[in-house]
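Several structures are given next for inspection.
In the two complexes below, subunit A is the common chain; its partner is subunit B in one and subunit C in the other.
The block that comes next holds the complex of A and B.
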């Protein structure tokens, strides 16, 4: 476990250099591996990575003593979590590198639509530079101001605006597609109307004249809406989720055992 | 009869630009001319949410525990999720409960949650570090092992706060060591992040942790089975849920402010669906009339 404890001072640099050398050595060895051996190697690493979580979950835990509730793998959960974070950071780095590689080439060669590439690269820099500057110089008011301008004033506002546009498409789609063409569609339509009207104040006002207690209260729109969601929708959701769960389990097993086939899994590595 | 049918048939061919304009006007006008709208009825799920927080705050044996408030959303759904977050924060701060913010769906959630807490902190005399803390952001795939490990050691596994200070050194974290020191989980989400809490954290301590959910309105139907099973102790469904909570708190905020545009825009959708269907039936009737002739 000493290997996974945060280090400081000269030891930290020793660990960084060691990690770089070890990583470089692994990459070098991977390049030496014959192409035929690469796929089994990836399959073995995938299997071992998955095995850790399965074994940690199913292995019996201590029921007394200092390590109550733990098994021999439990202490490694934190290092594994940190490794996952690092791997995801690397994946993000690779993604940004790939994106910049494609778009900087497009700009340099003046390919068709290179103006959009300029906008993309400019946008990445406009957010990344102030964000990194602010992160490493927290007291700098210029960095914080630039970040607020780019992030709150630009990115957040644009993101919210993009999402709000969906409302216009929903209105158009509901008007054109929501038709009572069959019995099933009519049931769906009626229940949707009750749910929509039952959740808005103006809709609820339509049946607000009905008493709030007693049998007649069951016909108030908000009560009908709640009945649909809790008594009709909930069992249906459970059934769907059971199906999804079984499907996810099967897919996970296929990925874990490297049995998955398809374009990503059959390419030459 | 026939002219009415023809008119109804034409009613199902409204240009999409007219629809867009109608929606824009329906959203904008109630905000400008302050159209009246009755108060929204409180759903049992929102009432249950409110009651759970009240009971937690009134229980001297539990109220010293930490509340985890997860802000797993981006600015795309901030109209719903940010309003929910602020409504919940009002309640937590009013009751002087200590809480930790955390985000693992998108880095935006970290900033949005922080901004909401900072906005309300001065009003309630809340101070960062003393009354609340921010665990920062973690990539989604690293959270499963993190939560499993944090069951037995929260400060050790979450490590540092958003400013890089070790959690063990932060006053509000004093006495917070394991899952048994967590009093409530509030998940504000725009994607399916709730399952991690339920699968790996909620029921592994000495007693189940009350878990409250604030999804967007489109996600809410999926959570009803969890309410029925008792895995959720309350839910604020989208902006409607946030508006209901503001009413329960008697704290009008963004939700109450946009209740009229929200109501009228959804009423517009209902009217348009009715118009489209009336047009479809009129078309069928018109075709039958022509055949009879």
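The block that comes next holds the complex of A and C.
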């Protein structure tokens, strides 16, 4: 486990350089491997990586003692998952390259709408520069102020604005969906009406004169709404999720065992 | 931390063996029947329309990272790209996860090569927009409005941004095909898209599109497993109703929770 403990000082740099050298060596050896051997090699690595998570999930866990709910692989779960995070961090560079590649080209060639590209590149700098400055000079109030202005004042506000737009789109989509053009649309309209009215106080007041108990209580809007959600909607959703779960299991197996063929128009590596 | 309990272990192992057995059976020549899925049949129609209108096609593989859902979505989009390459249409694929850029580039490039149109592939058409949910949604909405896309293919994990994307595409009159395992977003896609593939159709899409024996066998395995699960549910319900204690003794609450956690994952995000 010592290998997976966070390091500091000279040991940290040793680990970083070691990891880079090891990674580079692996890539170099992969390029030396004959093309016919590469695919089985990748399949073997995929299998071993998947085997770790499968074994960790299936291996019986301790039911008593200090390690309750854990097996011998559980302590390695976080370090192995962290490797994915590290890979993602490297990939962010690829993403930024992709983004800048498109937009700097647009600016350089004065393509239509290149002004938006200037805004985008400017926005990246406006967030990145104060964020890095703040990180390396934590006492600097100017850096903190700039970051708060750009992130909290700009980004968060824009984020909230985009989320709030969803409400308007729900109305426009619901308007189209609820037009009773077919039997299905009419059923949707009626059930939606019952659910909406059963959800709000004004709707519930419409049937409040019905007794709260006995057979007639079943026709109160809030009871009908509850019936639709728990007896009609929930089983349908659970059935969909069950199918999705089985589909995910099949896809995972194909990828893990490298059985996937033809989905990505794979070429010989 | 989730771990398999006794019955979960054996049930998942049995299901896995059934699926792999069906894959091997299909590879040896047994081809199962696949019913028509309208949403996937519409791919040719949507791409053809884009060519007629001289406008691009927009695809999205959702908000997920490199996981099973996103890889399956990418497989579907790759097949759409092959059709687009054949018809000579441009396909735009904005992604939210930076790690997906090289993977998507490679898959789409392969699709163009397989279609015999490597010249039509443009690296800048697979572009990283933002890792943030609504910045990504705003970016896609902008592309849809500026390029006046003729068709959109939305596959993968989606949250609240699904409606922003689909409604913007609706405004420009794009023909839309969507599919997601995010059950909370299926209603939004149903009301705003022309075709929606739901549930395990999402995982059966590549088998339907490619007719590859491996994928068709996997689909047959999924159906067998589904039938087996339905039979288990039915038998369990009857036995419990008849107050036969064997079911309660076989599955503890923890076992049932473990099974439910595997098959019915809780969605994240907003």
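A few points about this structure:
Operating definition for what follows: the second predicted complex is superposed on the first by the 209 of 269 C-alpha atoms of A that agree within 3 Å, B and C clash if a C-alpha of one lies under 4 Å from a C-alpha of the other, contacts with A are read in each partner's own complex, and residues count from 1 in each chain.
One rule holds for everything that comes next: a contact is a pair of C-beta atoms (placed from the backbone, for glycine too) under 8 Å apart; a residue touches a chain by one contact, two chains touch by 3 or more.
None of the values given here were measured: they were computed from a predicted structure.
Contacts of A:258 after superposition: neither subunit B nor subunit C is touched. When the two structures are aligned on the shared chain, A:248 is found in touch with subunit C, with no touch to subunit B.
Once chain A of one complex is fitted onto chain A of the other, the partner contacts of A:101 are limited to subunit C, with no touch recorded for subunit B.
By the document's definition of touching, neither partner reaches A:46: not subunit B, not subunit C. In the superposed model, A:70 makes contact with both subunit B and subunit C.
By the touch criterion stated above, A:199 is placed in contact with subunit B alone, subunit C being left untouched. Of the two partner chains, subunit B is the only one that A:180 touches; subunit C does not reach it. Of the two partner chains, neither subunit B nor subunit C is touched by A:7.
By the touch criterion stated above, A:82 is placed in contact with subunit B alone, subunit C being left untouched. Common to the subunit B and subunit C contact sets on subunit A are residues 56, 69-70, 74, 77, 88, 155, 159, 162-163, 170, 172, 174, 176, 237-238, 241. Of all residues in subunit A, those touching subunit C in their complex are 56-59, 61, 69-71, 74, 77, 87-88, 91-96, 98-99, 101-102, 105, 113, 116, 155, 158-159, 162-163, 165-166, 169-170, 172-174, 176-177, 237-255, 257, 259-267.
Residues of subunit B that touch subunit A in their complex: 14, 16, 19-20, 22-24, 27, 37-41, 43-44, 74-79, 108, 111-112, 138-139, 141-146, 148-149, 151-152, 156-157, 159, 163, 217, 220-222, 224-225, 227-228, 237, 240, 259-260, 262-270, 272-273, 275-277, 280.
Residues of subunit A that touch subunit B in their complex: 6, 53, 56, 69-70, 74, 77-78, 80-82, 84-85, 88-89, 138, 151, 155-157, 159-160, 162-164, 167-168, 170-172, 174-176, 178-181, 189, 193, 196-197, 199-205, 208, 222, 226, 229-230, 233-235, 237-238, 241.
Of all residues in subunit C, those touching subunit A in their complex are 1-4, 9, 12-13, 15-16, 19-20, 23, 65, 68-69, 71-72, 74-75, 78-79, 82, 97-102, 106-107, 110-111, 113-114, 123-124, 126-129, 131-135, 137-138, 142, 146, 160, 163-164, 166-167, 170, 181, 183, 186, 188, 190-192, 198-200, 202-204, 206, 210, 212, 214-215, 218-219, 221-222, 225-226, 229, 262-265, 270.
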